[in-house]
Amino acid sequence: MEVGFIGLGAMGSHMAANLVKAGHVVHVWNRGRAAVDRLVALGAKACAIPRDAMRGDVVVSMLSGDVAARAVFIDGKVLDAENASKTVHVDMSTISVAFAKELTALHAKKQVAYVAAPVFGRPQAAKAGTLNIVVAGPDEAVERALPLLAHLGQVFRLGEKPQHASVVKIAGTLMIGCALEAMAESAALVESHGVRASDFFNIVNNTMFAAPVYQSYGAIIAERRDVSVPAGLALAERDINLALAAGADENVSLPFASQLRDNLLDARAHSDADRDWSFALANVARRRGGLT
Amino acid sequence: MEVGFIGLGAMGSHMAANLVKAGHVVHVWNRGRAAVDRLVALGAKACAIPRDAMRGDVVVSMLSGDVAARAVFIDGKVLDAENASKTVHVDMSTISVAFAKELTALHAKKQVAYVAAPVFGRPQAAKAGTLNIVVAGPDEAVERALPLLAHLGQVFRLGEKPQHASVVKIAGTLMIGCALEAMAESAALVESHGVRASDFFNIVNNTMFAAPVYQSYGAIIAERRDVSVPAGLALAERDINLALAAGADENVSLPFASQLRDNLLDARAHSDADRDWSFALANVARRRGGLT
Amino acid sequence: MEVGFIGLGAMGSHMAANLVKAGHVVHVWNRGRAAVDRLVALGAKACAIPRDAMRGDVVVSMLSGDVAARAVFIDGKVLDAENASKTVHVDMSTISVAFAKELTALHAKKQVAYVAAPVFGRPQAAKAGTLNIVVAGPDEAVERALPLLAHLGQVFRLGEKPQHASVVKIAGTLMIGCALEAMAESAALVESHGVRASDFFNIVNNTMFAAPVYQSYGAIIAERRDVSVPAGLALAERDINLALAAGADENVSLPFASQLRDNLLDARAHSDADRDWSFALANVARRRGGLT
Amino acid sequence: MEVGFIGLGAMGSHMAANLVKAGHVVHVWNRGRAAVDRLVALGAKACAIPRDAMRGDVVVSMLSGDVAARAVFIDGKVLDAENASKTVHVDMSTISVAFAKELTALHAKKQVAYVAAPVFGRPQAAKAGTLNIVVAGPDEAVERALPLLAHLGQVFRLGEKPQHASVVKIAGTLMIGCALEAMAESAALVESHGVRASDFFNIVNNTMFAAPVYQSYGAIIAERRDVSVPAGLALAERDINLALAAGADENVSLPFASQLRDNLLDARAHSDADRDWSFALANVARRRGGLT
């Protein structure tokens, strides 16, 4: 299949590579040239501007949020590409519900098929092709994209409205954040009474909470593993702010999300901007309790 | 084995029955006579006062919290029973960390072996013998209790200090409450944007959150299942207040616990006192967002 | 003095009128024509576009926030007016700290003197000329503006950096919101125990809290006065979001502000969008407690 | 008048002294002997046990909370004193609403007139006789107490139910705590942007918030005045916990109170247990924002 791929960041570079390895002809664009070169070395074809990547049967985009997506789709006039209306645009970025609606309207106006397909999973999962992908858009367009998405992970379909995929992605990430804060507070609580957090998590995370989120992040929290993630908190704040914004759009207050927002700021004020948010939130909980 | 069993409530009655069925001679006491009669019909022996049940190799107690436990252990002078020092007292009640410490001191003074063994699990799990039991106490005493506990569920050992089992039970329940609130808020969020909560949970609770707590409570929340639990909120409030108290003992603030406390009050003010807390918290989140 | 005046809303129309009455020649512009006509009837001179009002010794602007101010100052290219650099621009709008900084840079580039002078006070105070005005900007520019501001209210000077006035205005409004929520919760608390809120406020608001904010809003809360304010909540949310944004700029978490944000959403979800925020927040507190 | 006085702590010692100075015959009791001796030196008469002070026309008690009051009134069987039913008992302690109700029932049973008269004001105000006193109880009893209370401060009457005075005292203190946190957050906010808190408070606390609470505590916060108050935080926590308990009694959630509780724990975890709560809360807000 001939496809376009826009956005070769920590996630997109792995995803595009998987498409190349699967034998597709992939036209790639990225804001920075180095990532493009790496993909070309794997067999991809370089595009000089985003619009050039708007070609083939399917175009996948993976950008870092509303700002980057707006710069490319709106300011970069990607949808004005000559053959845009012949492709299906599958945007896998995490964007706001409001912007997903705006993009739906814009694609309709430009007569380009639009599918939203945000993902759960970190760069390792992107590399392994084991992302969880939430897909929403017109059936016909989704059908065309499915064979491609199968290389990237497991697909969950969610009907025809792109913004539904967006809100599911946002709500799911909120649930992750809540799980982290719950573990952070619980770890501080048991530690303050002399119990090792690892002993505690060994019990609850192997029974009631025997799920990937708890087990992977629980280990980081228990062992105070200083996991470096460049701009990790900025990403976490983006996600929590997306939840708060989506709630505000419909008058839904989310007190746990508000607390997470406050705690992420606390973490940033204490030099954890470049750490995984599990580590950062655990530091906040322990620091408040005087546990260091 | 000859054992005592104090407290035949929704949990204890099933647990004592399992011990009887396993062939043990079980001397039972309960505040209300009806529950005693039911156990006697299964083969247990009735005790007129708690102190009479303080006999045999092991005495298990399962009471509804600090108040009930204090009434029996302190006011009822159970530890003054003639052969108390020959038994091992295994208290499986959920009690405060402070009271666990007080009981440790009292047992030491009275020379009665004391093991704390609070459990995770609801009455169905008590009936099925599939509780998760957190055990802490002197090794020798724990060893004597283990064969008995094996009839009741899976055992997790946690060292020699009884209060450590107490804080682990409390922190684990806090994590459950946080998971419920996280699902309640997320369900309200996706619903406000037109996505069914069941569609959302089908995705996240079968992947990142594929764990018993999420799957069982997620169904209640998604389907707005009006699960009746007599005094359900009072029990939930007891548990969250235990977490807040354990935190306050050591100056550890727990913002998610504080939020849960507030939301449980909101639920109680809106006639959900006798509902499962998952249902009640979901109602709070939806009501605040005007979703009904 | 010859002055310009941009923005004749609920506040600005009174303020401009006061300048006219004081004998100044006032060139007014407003997005809607009706407000301009009313001022012209009082003796002001109409401007067709904002840039036409950028004339005279001082130009005052009073717009409804970042969006409106950006539309006029940036998109409307007001600072490119022919004689802009001969005037002093006194912006009395409530805007974000970030935008105040941006405006400072823009004015410097365009060589227009810029003074920030946001106000505390509602339309009645604007009418009465009793606003509290927080003024920051270059001394010379401030000196030129002072005689004019004297017609509008009491001036508090705060140094040379315009954004300092902005953050003081924002923080002061946060304090008002906190006072409202404090009264809302306290009123619900005493009422739930059978004490009239008015009896309670008669005590505390005449002693410890004998201040205008408490006395005026306390009466609204106690008497459940259904004060209609078109888009009242939107304005309140704007102000609280400005506080949260200013905090986030510098990693300062503001838990009371977060709570206010959540409660304002709750109010909006319950049809209080067009009410004074004191009334709306009191409704939230009472509704949560089942007091209606 | 012949009166009894029970409880000579930081507040009670000044209050009893004022009664002595006003010419009354005051029979005093206190748990510690030293305070009794100081009052005797002023002209009071010493009592060996609390019950001995239960005499005369009016008996005033000023104890440090439920625990101390319970020890004296219930365990100390003060109401069983021979002439108890001839006196009017005016309890000026800050106690829970629930305990005020319990005391009402107990006094009724023992046929002793009971007036609740908790106060707003710190030891300096007790010394100066400028307390604000909230009085509730049977009219006849209150009338007898009024001449005495006039020596201690300004009286606000609140009907016949003693617990009404209790909840008003509790709600008023909650409002103080909220004002402190509001100032703490606002101070952190303006400081993070380079504005001195004192410059900010000079504006808002002399206009909208021109009230004693804001002006006295605002100075402490702005100047980071390290005000030592032995067990200051314990007292503050007692008061906030009273509010939370009174709310929980009637299902009223108080989110600002919950936040205050959390922040006081944070302060305690950071060695501010013996500081005024204004100073302690300001430290929490600044520390979270990385401002030190």
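Order of writing sets the chain letters: A, B, C and D. Residues in each chain are counted from 1.
As a convention for this text, contacts are C-beta pairs under 8 Å (C-beta built on N, C-alpha and C of every residue); 3 or more make two chains touch, one makes a residue touch a chain.
Just so we're clear, the structure is a prediction, and the values are computed from it rather than from any experiment.
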Farthest chain (mean CA position) relative to chain A: D
C-D against B-C, pair bridged by the larger set of C-beta contacts: C-D
Centroid distance [mean C-alpha coordinates] between chain C and chain B, Å: 53
Between chain B and chain D, centroid-to-centroid distance (C-alpha), Å: 38
Inter-chain centre distance, chain C versus chain D - centres from mean C-alpha coordinates, in Å: 38
Sequence positions of chain D contacting 2 or more other chains: 247, 251-255, 259, 263, 265-266, 269, 288-290
Graph class of chain-chain contacts, one of line, ring, star, complete, other: complete
Chain B contact footprint on chain A (complex, rising order): 97, 120, 132, 134, 154, 156, 158, 161, 163-164, 167-168, 170-172, 174-176, 178-179, 181-183, 185-186, 188-190, 192-195, 199-200, 202-204, 207-214, 243, 246-247, 249-257, 259, 263, 285, 288-291
Of chain C, residues touching chain A in the complex: 247-248, 251-255, 258-259, 261-263, 265-266, 268-269
Partner chain A, residues of chain D touching it in the complex: 265-266, 269-270, 288-290
